[in-house]
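Heads up, the thing below is written out as structure tokens.
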Amino acid sequence: MDWTWFHKFGSPPHVYRLAGVLTPWFAWPAVAAILAGLYGGLVLAPPDYQQGDGFRIIYVHAPSAWLSVMIYATMAAAAFVGLVWRMKVAHAVAASCAGIGAWFTAVSLVTGMLWGKPMWGTYWVWDPRLTAQLILLLLFFGYMALRAGIDDLGRADRASAVLAVVGLVNVPIIRFSVDWWNSIHQAPSVMKLGRPTMPMDMLVPLLLMLLGFTLYFAAVLMVRLRAEVLRRERNASWLKEAVL
Amino acid sequence: MSEFLAMGGYAQFLWPAYALALLALVVNVVVARRALQAARAEVARRLAMQDGAGE
Amino acid sequence: MNTLSLSNWHVFRGERQVLRGVGFDLQGGRCLQVLGDNGSGKTTLLRSIAGLVPREAGELRWCGAVPADEGQFHADLGYLGHDPPLKADLDARENLAFALRVRRPVVAGEIDAALARVGAQAYADRPVRTLSAGQRRRIAFAALLCFRVPLWLLDEPTTNLDAAGIALLRELMDECLARGGLVVTATHQDLGLDPRRLDRLALAVLR
Amino acid sequence: MTPQPRTSALAAASAVLQRDLVLALRRPSQLLQPLAFFVVVTLLFPLGYTPELAKLRSIAPGVLWVGALLASVLALDSLFRDDAADGTLEQFVLAGQPLAALLFAKTAAHWLLTGLPLALMAPVTGIALGVPIEAMPGILCALCIGTVTLSLIGAIGAGLTLGVRRGGVLSSLLTLPLSVPVLVFGARATELAITGGSPSGALYLLAALMVLGLTLAPLAAAAAVRIGLE
Amino acid sequence: MTPQPRTSALAAASAVLQRDLVLALRRPSQLLQPLAFFVVVTLLFPLGYTPELAKLRSIAPGVLWVGALLASVLALDSLFRDDAADGTLEQFVLAGQPLAALLFAKTAAHWLLTGLPLALMAPVTGIALGVPIEAMPGILCALCIGTVTLSLIGAIGAGLTLGVRRGGVLSSLLTLPLSVPVLVFGARATELAITGGSPSGALYLLAALMVLGLTLAPLAAAAAVRIGLE
Amino acid sequence: MNTLSLSNWHVFRGERQVLRGVGFDLQGGRCLQVLGDNGSGKTTLLRSIAGLVPREAGELRWCGAVPADEGQFHADLGYLGHDPPLKADLDARENLAFALRVRRPVVAGEIDAALARVGAQAYADRPVRTLSAGQRRRIAFAALLCFRVPLWLLDEPTTNLDAAGIALLRELMDECLARGGLVVTATHQDLGLDPRRLDRLALAVLR
């Protein structure tokens, strides 16, 4: 097996350049998909027969919820790679993820709450899914707080990587336990959209938004990654070309 | 148009949700670009310092 | 024979490079005195040899080979930093017993022998909290003796010691060297060791 | 200079365990604080809530578990701090022994000194909350198993926050969310025990968590401590 | 060597206060920590007890006050420890200023960093527990007053723990029982606020405790610290 | 003129008598070097003068009188113990500013002047946590300078200092003495002070 690609991937100059090249390829499709999804979701899609126009919150809520989970997985995977193979670039990826992840977790929570008020009559219920999402936000906060608490970048990288990996093992367990927790009490059972399948003109915008948000994350990640890589390179010769 | 904005009575929930999502999208882009610019400036400063010291 | 050699050693603390391309070869029976101004990286060097501070680059050879198992290398070294690693609530004997038992089984009498060697019998059964700074140092030396390791890393070992204490330290180091051991020590004070057994490594503050 | 006979990791760990127990018994205050905290917390609820035992019984699982969780978080704050401050932890790293084993011994000592007393205390606080005597074995069992996992998770948090100022709050922030499954299953088992159901399902899950913790947590804690000591 | 102009005790205390705030706020993320911490503690109760808001409301007083107690115990533990370890406390004793004033400043900083954020967070945690909005002013008031007293009591305990031998057992046995009245009146005030009664009676009692604490605690803490430093 | 005199000083640590009937008279402009083996009570003497350790018996006179107000005596002395009293998370400048402001208002520029005097400008704005042991010591000396007190109590001040640092310490002490100040110092190392300005007090380990 040829491992050169792996080393190449781990080399900061290469990653810096690659991320720079990739950014527009993620960014523009993301813009297109999000705009199309918005138009489809807000204008073309018909009102829901139960929820009227209120259901349109789904087009921001579901993508951000999906993104939050995806970002955590990305972060933890990168942290694991960084920890095991001592790859600085992987730590840089993990560090870049946390902030974005916390934002989108918060967005999914707040949009969910805004949706919950008209649907359930209250902003907050202790539903398993909501609770799990709140815990995810706390995990992101914990990760960021730990990072901010340690001055030395290398130490911060590795300490927070341990936390992310532990969280990776635990997140599914938390999810499962929280589901189980509420299954024993009477469930609020309002979380369903009330219909097995979604009509195409509702579904397509949602898929477009999911795609758009994912690409958007990739684009922002690339930019942040470049910044992180620069921050981590102390006195490498390639920096001169890179900055100019 | 105003009908569209009213969103069938859900405007007070729907638009804040969209506004927040938009805010998140914009803020993350801005933060990322700022970070990149700052990192570049820092590298440039260090390189200038090294050059200065090397002479 | 025991040998320790470092080559091309680079260590960073935070963003700051502290050691750049340091290296040395030390034979058994010899002492390496690390010299340098305050902040030149003596502590950093000792800690990075022990593996307490990660190095950016560099190779360490112990008895001619890169230690395959870090644990085995650790089992061969005794590190004494700026502060004596003692539990304030335990007395000297207990401190030594626990420190030793983590490494190997205790042989009857050896702890008392070591305490006697450093002249600490008189206060061996008082909680370390109630000892003076120099008395604590002596107990830390007793622990080091008990370890019976071939490689000593001593960071400013003369701190807090009176004249008799420094003479004792010199004797202990001499004995260690005579047994074929190696000592790497950072100290600003001259220890009065036999110059034929002494190597010197000078560090400078970088940048 | 003959090569030294190294002790087995087990013997080293047992030395560490013994040392920590001796140290703790020299400072009884450290023993009492979590316990006192637990008692105050569990007794606070009847005060603010209702004196009716029937109603109290319904909150007993939550109170017992939240109390246990918080008490163990409180005590974990200092798990590695003293040893790090006086250099003992450094000597552990340099002992030529698997660090995970030594840290596991420290965690075990911590559990013996907080988790176990807490579990043994539960019947007393349970009675104050109107829990029937028959439920006690189940509750005790659940608390014993659950607090082991809590200690293990806490050890990771304590290791990670070694070099961090005001680490106590941060480490609780890191460990509490991770402890949610223990809380959920523990409270569930307790509730079943109180209402007369069979808590064994929940107990199995608790035990599974404990096994997972026993295998992974010492490794994670060792990695964390190494990083924290730098 | 002209005689030095000494600052007033007030100026010295404000310097200490400022220093502690600077130390704590050095990293902005620390501002968020108490917030996240209380969210976590609040989260534990629905998980351990029940997700029903109607039932949660009845334990809300207990939840809020347990959170307050835990936060202050967790943070107070380290109130003087760092300063004692690095010799700063010694320099306070030698500053030629009334030690009680300097320690009071430290306690005030502690309250600003834990007690106050906790009180300000109460509306949020309250809503999550189904507490009606009208109850908030009373709850906020009770928490503000109560946490001051908790901080003051904790300062005595933290001072006593410095000299382990003497104060060890005492400190935990002393501070927790002393804080029980605060918890009782605080929970009572909160409960009354929630159920629509008038919490003012309980608030007066809380305030009386606070005044007592303000007058006595700094002196007691100073005495404890002096002994602890020896 | 500033004078410090102790008479019939008895101090116990725990059950143990450490100082028995110690006394001395020290004139302004003179340095008292406290000598003695490890555990003879040097640290105890300095701390009991500062009032950090209570004495069983004995009288202290400062400028001829028993200080009526302990606070006023404290305001006149600067004590430097085994470890530099610095906050690891603050940088040198902040440490000095806060240490000073507890005592008196800060005059513009004095902190930087003191840091320059001890040669610590280069690392004055790094958190003390990231400094080496000797660098920390220097910052502690800068704080002492800032206090501008007539009485210095220095417990093993040479610890961790390199040769340049020890020379600096000697200069600082000389200046303090020249200003009419008093220095009481416990040290095992000879400082090379002018012997005409030096008094000596030898302590012995009791029992």
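By letter and in written order, the chains are A, B, C, D, E and F; residue numbering begins at 1 in each of them.
The definition used in the following text is that a contact is a pair of C-beta atoms (placed from the backbone, for glycine too) under 8 Å apart; a residue touches a chain by one contact, two chains touch by 3 or more.
As the structure is a computational prediction, the values presented were derived from the model and not from experiment.
For the pair chain A and chain D, chains touching both partners: C, E. The greatest centre-to-centre gap from chain C, using C-alpha centroids, is found for B. As a whole-number value, the distance joining the C-alpha centres of chain E and chain F reads 36 Å. For this pair, chain B with chain C, the centres built from the Cα atoms lie 52 Å apart. Separation between the centroids of chain B and chain E, computed from CA atoms only, is 38 Å.
Shown for chain D are the residues in touch with two or more other chains, namely 27, 165, 170, 173, 176-177, 180, 184, 230.
Residue positions 13-14, 54, 89 of chain C each touch two or more of the other chains.
Annotation for chain A: residues touching 2 or more other chains are 135, 138, 141-142, 145, 149, 151-152, 178, 181, 235. If you check the complex, the residues on chain C that touch chain D are 2, 50-54, 71-77, 79, 81, 83-90, 94, 98-99, 101-105, 147-150, 179-181. The residues of chain E lying in touch with chain D in their complex are 23-24, 30, 33-34, 36-37, 40-41, 43-45, 47-50, 58-59, 61-62, 65-66, 69-71, 73-75, 77-78, 82, 85, 161, 164, 167-173, 176, 179-180, 183-184, 187-188, 190-191. Residues of chain A that touch chain E in their complex: 122-127, 131, 134-135, 138, 141-142, 144-145, 148-149, 178, 181-182, 185, 188. Those residues of chain B whose C-beta lies close enough to touch chain A in the complex are 4, 7-10, 13-14, 16-18, 20-21, 24-25, 27-29, 31-33, 35-36, 38-40, 42-44, 46-47, 50. Note for the complex: chain A touches chain C at residues 151-154, 234-235.
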